[in-house]
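Both complexes below contain subunit A, partnered by subunit B and then by subunit C.
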Partner chain A sequence: MTVLGQILLSALFQGSLYAMMAVGLALVWTTIGVFNFCHGVLMTLGAYLAWQFVDPEALGLPMFVALPLALLVVAAIGFALQALLIRPFIGRGDVVLVAVITTLAASSILKNGTLLVWGPRPKSIPPLAPDTIALGASNVSAHQLAIIAITPVVLGLVWLFLNRTRVGLALRAVAQNEDACQLVGMNVTALYALAFGLAAALAALAGIFFGGFKFMSPDMGTEPLTKALVVVIFGGIANITGPILAAYIIGLFEAVSIYYVGFYWTPALLFAVLIVVLMVRPEGLFARSSRGLA
Partner chain B sequence: MKLSGFKRELCGMILGLAVLAILPVFIQDTYLRHLLIMIFVYGMVAASWDLSLGYGGVFNFGHLALFGVGLYTYALLTKQLGVDPWLALAASGGAAVIAAGLMVIPILRLKGIYVVLLSFAFSQLILQVIVSQSDYTGGNQGMVMVPALKLGDHNMMRDKKLAYYYIALTLLSACLLFLRVFVRSALGKSIVALRDNEEYAVSRGVSLGRQRLLTLTGSALFTGIAGGFYGGYFRNTSTDVFGIDLTTLILSMVLLGGRATIYGPLLASLALTLLSEATADIGVWRPIIIGAVIILVLLVYPGGLAGALTAGWRRLSAMRTPRGQGAAINKVAS
Partner chain C sequence: MSDLLEVEALESGYGRIGILHGISLATGGHNVGLFGPNGHGKTTLLRTISGVIRATRGKIRFAGEDVTAWPARRIVELGLLHVPQGSRLFPDLTIRETLRLGAWPRRARPREARNLERAVAIFPRLKERWNQPVKTLSGGERQMVAISVALMGDPKLLILDEPTLGLAPRLKDELCAAIRQVSDEGVRLVVVEQDVEFLLDLADHLYLVNHGEIAAEIRPGESMNHQAIMEMYFGRELGPLT
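Here is the complex of A and B:
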């Protein structure tokens, strides 16, 4: 395969993973107005629960049962976290700050809880598609291609949900004006829970993607969370299309930079570019300045 | 009135520090002294963070990066360039101040969550630069055999950490005095004014940019020195100081202690360091318990430990005569 092809493939693959993580973060920020530092550990939980359901050593369920089940359980965990960590502080002036520390604390609890339950030994879940596919001169793993193909579909569905269904529109309405929503009788509490649960499920899906090509460890969510943060800073957290675009751009940037500048300088370069972008456009590249979804 | 208030505070401060100064007479145990040293170091970092976060309302999520800058400045200067450790300690404070000055530039126009995101990005940038320069900094492995602080011919290794204890205590005292004078000065008042009502404060002639610069560099000074001391004390460096775990611990000290108090984070540093040590033997349960305690305290005492204490104190003093404007306003309001 040509250099260009390899760079593009890597960009699409990394971009898909970043987008999957970043959209959940943006979803929680827009609807609830807090930043969820549990997002990385929710991804870890998704991967470990999928392992628990699918691995022959554990429950050994078939993939098509196990994976949705893992997503559901993580969504439920996200729902519970929201009720415990964020709900009690809503309405306080310092809710953003308090939510940072409560979600950080919970992420520490869950990370070590994962270590406690599943142990430190690296695990992996079977890839979504096991084969490699010949693409030009070289082979590409089908799992990577599957991720590249599935991600836009899932994100498209999320977009449709937010733009074409009543509940999705309600979520966006809460994002725009919570007081007015309460006045017209919308169940804001339930919508918060829904946003958090949906974000958690997206994180879990990203975890399943990761677990299929890398060894899992309780710490696996930290780096993707950092990257997702970069993506939402870059794309703006005011909507979900901004982060999606930004995810692919950053994937491309990294692929190009790793090839031409080198592996070690790429993260530093990325953060430097990020800071410059924020100085010029504090609300992100693709955001209008107001807080609103899609 | 104000002066006497500060004099009283100064007396309390001197009394407290005097107690800490004679404490080693009673505490001979090396490990307990080590714990106190750690409490002092974390206390310095947390109290300094309180200046920017609590008083300034600037959520600088890269505060621990300033600590890391101090740490690596000390280590690089002493080990790679052979600079005198005390000079390097001073330089570590200076380097952190410069880093904070650079950090202010991009966050000058930003508010709220964007400050969090950008300062986080800034701290990651510093981390990545350190990791990429592994020839000098040891990369992810960190540096070992960093030269220790020296006091003449005194053997720092065999005095059961007595010398380190007093160095840490001296630094803490200087830090505490600096922060309290800072927040009580006109400058400190203008910073609080910016936090509470930015538009009004700016319209009254308070310079947002200059004040933010002074807030962040002020919070960086002793954070960097604490980092330098940390390097001279442990004699190694690790990129772990940039990690989310230490940030969580120190941030919870600020929030649990109570924001905009300076003393609160010190108190919480005592509580959390002791809790962290008391649970050291139970492995993975330790972060779980600490995390649970943080969440529980925030649920029960929104104002943190200092908030709980001052509420109790105010109730006590309200039974006597109402003092100062705040009490008077409270009285009118109620």
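Here is the complex of A and C:
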């Protein structure tokens, strides 16, 4: 395969993972107005629960049962976390700061909980598609191609949900004017819970993607969370299309930089670009000034 | 009692600051108008009635239910729709999307198509801006959307908080005629308004809200002229200058 092909493949693959993580973060930010530092550990939980359900040493369920089950359980965990960590503080002026502390604390507890329950030995879950596919001269893992194909479909469905269904409209509306939502009869706390649950499920899916090609560790969610933060800041947190575009752009940037500059300097270069972007466009590349999902 | 809305010795406020000090009123079978100086509790009264803020004391009955401690969304389900003052609605949603959200209450769903037809019949102008985000609309158009959203909720009682705030006189007349039309179709109104002519046009039963209390009341059938209301407002006889 040509160099260009390899770079593009790597960009699409990393971009997919970043997009999957970043959309969840953006969803929670736009509806509830807080940053969720549990997002990385929700990804970890998704991977470990999938392992628990699917691995022959554990429950040994078939993939098509285990994976949706893992997504559902993580969505439920997200729902519960939201009720414990964020809902009690909604309405306080300092909710953003409080939520940083509570979600960071929960993230630390859950990370160590994962270590206690599943131990430090690296695990992996079976890839979504086990084969390799010949693409040009070289072989590409089918798992990676599956992720590249599935991600736009999933994110497209999220977009359709937010733009075409009444509940999705309500999620966008609650981000824009909570009072008016109450006055048309919406249950605002239920919408918050829904946003958080959906975001958690997306993180879990990213975790399942991750666990299919790399070894899992209780700390596996930390780096993707940092990347997702960079992505949403880069793309703007005003809607979900900005972070999606930004995720792929950053994926491409990293792929190019790793090939030509090297693995070592890539993060530094990425942050340098981020700082420049923030100086030129503090709202992010694709953001408008108002908050809202679209 | 067959009163649609009945408020009894209502007290409420924000935090420890009391705003309402025992307000009682009832709609009977009439449209109610509230007037009085700014900052004396009219908006707080409406927000308490619709459940956005909690009453600290007193009672609110609507459609035969004691709704005093109910959250806003349950009160909406009973058919009480509140159009807040100068609402910016949902800036990034289009008119079409916003009206779709208006039909959120379960009881309004079966009548969504009919209610939409009615709203568009009353405010034909909205059709011209159908797929435009609400933030691009003028103040008058936004007010029309806000009232239409409430109509989509299939109201029995419509609460309007200063619907003409900041509107041009021509638009005021248009809006007044539209609201009259809503009322003629059997929706009861509670209107807060500074424009006395507007209020006299729509309401049969007026209350003057002052210092968080009902300072005066003009019952249906009692003479209501501009002069009398101005006197109530300012608390003195007005000279020939006005």
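Following the convention adopted for this analysis, the second predicted complex is superposed on the first by the 294 of 294 C-alpha atoms of A that agree within 3 Å, B and C clash if a C-alpha of one lies under 4 Å from a C-alpha of the other, contacts with A are read in each partner's own complex, and residues count from 1 in each chain.
Heads up, the rule we're going with is that a residue touches a chain if its C-beta (ideal position, glycine included) is under 8 Å from a C-beta of that chain, and two chains touch if they have at least 3 such contacts.
Here the structure is a predicted model, which is why all the values come from computation and not from measurement.
Enquirer: In the overlaid three-chain picture, which partner chain does A:Trp29 touch, first (subunit B) or second (subunit C), both, or neither?
Expert: Only subunit B is touched by A:Trp29; subunit C is not.
Enquirer: Determine, under the contact definition given at the top, whether A:Gln182 touches first (subunit B), second (subunit C), both, or neither.
Expert: A:Gln182 sits against subunit C, while subunit B stays out of touch.
Enquirer: Name the contact category of A:Ala170: first (subunit B only), second (subunit C only), both, or neither.
Expert: second
Enquirer: Have a look at where A:Asn139 lands relative to subunit B and subunit C in the superposition and call it first, second, both or neither.
Expert: Neither partner.
Enquirer: For A:Thr102 in the superposed arrangement: first (subunit B), second (subunit C), both or neither?
Expert: first
Enquirer: Mind telling me which of the two, subunit B or subunit C, contacts the most residues of subunit A?
Expert: The partner that reaches more residues of subunit A in the superposed model: B.
Enquirer: So in the complex, the part of subunit B that touches subunit A is made up of which residues?
Expert: 53, 59, 61, 105-106, 109-110, 112-114, 116-118, 120-122, 124-125, 128-129, 131-132, 134, 244-245, 247-248, 251-252, 255, 259, 284-288, 290-292, 294-295, 298-299, 302
Enquirer: List the residues on subunit C that touch subunit A in their complex, please.
Expert: Answer in residue numbers: 50-52, 71-73, 76-77, 81-84, 87-93, 97-98, 100-105, 135, 149, 152-153.
Enquirer: Quick one: in the complex, what on subunit A touches subunit B?
Expert: That would be residues 29, 35, 37, 84-85, 88-89, 92, 94, 96-98, 100-102, 104-109, 111-113, 115-116, 222, 226, 229-230, 232-233, 237, 264-265, 267-268, 271-272, 274-275, 278-279, 282-283 of subunit A.
Enquirer: Would you pull the subunit A residues touching subunit C in the complex into a rising list?
Expert: Residue list for subunit A touching subunit C: 166, 169-170, 172-173, 176-177, 179-180, 182-187, 290, 292, 294.
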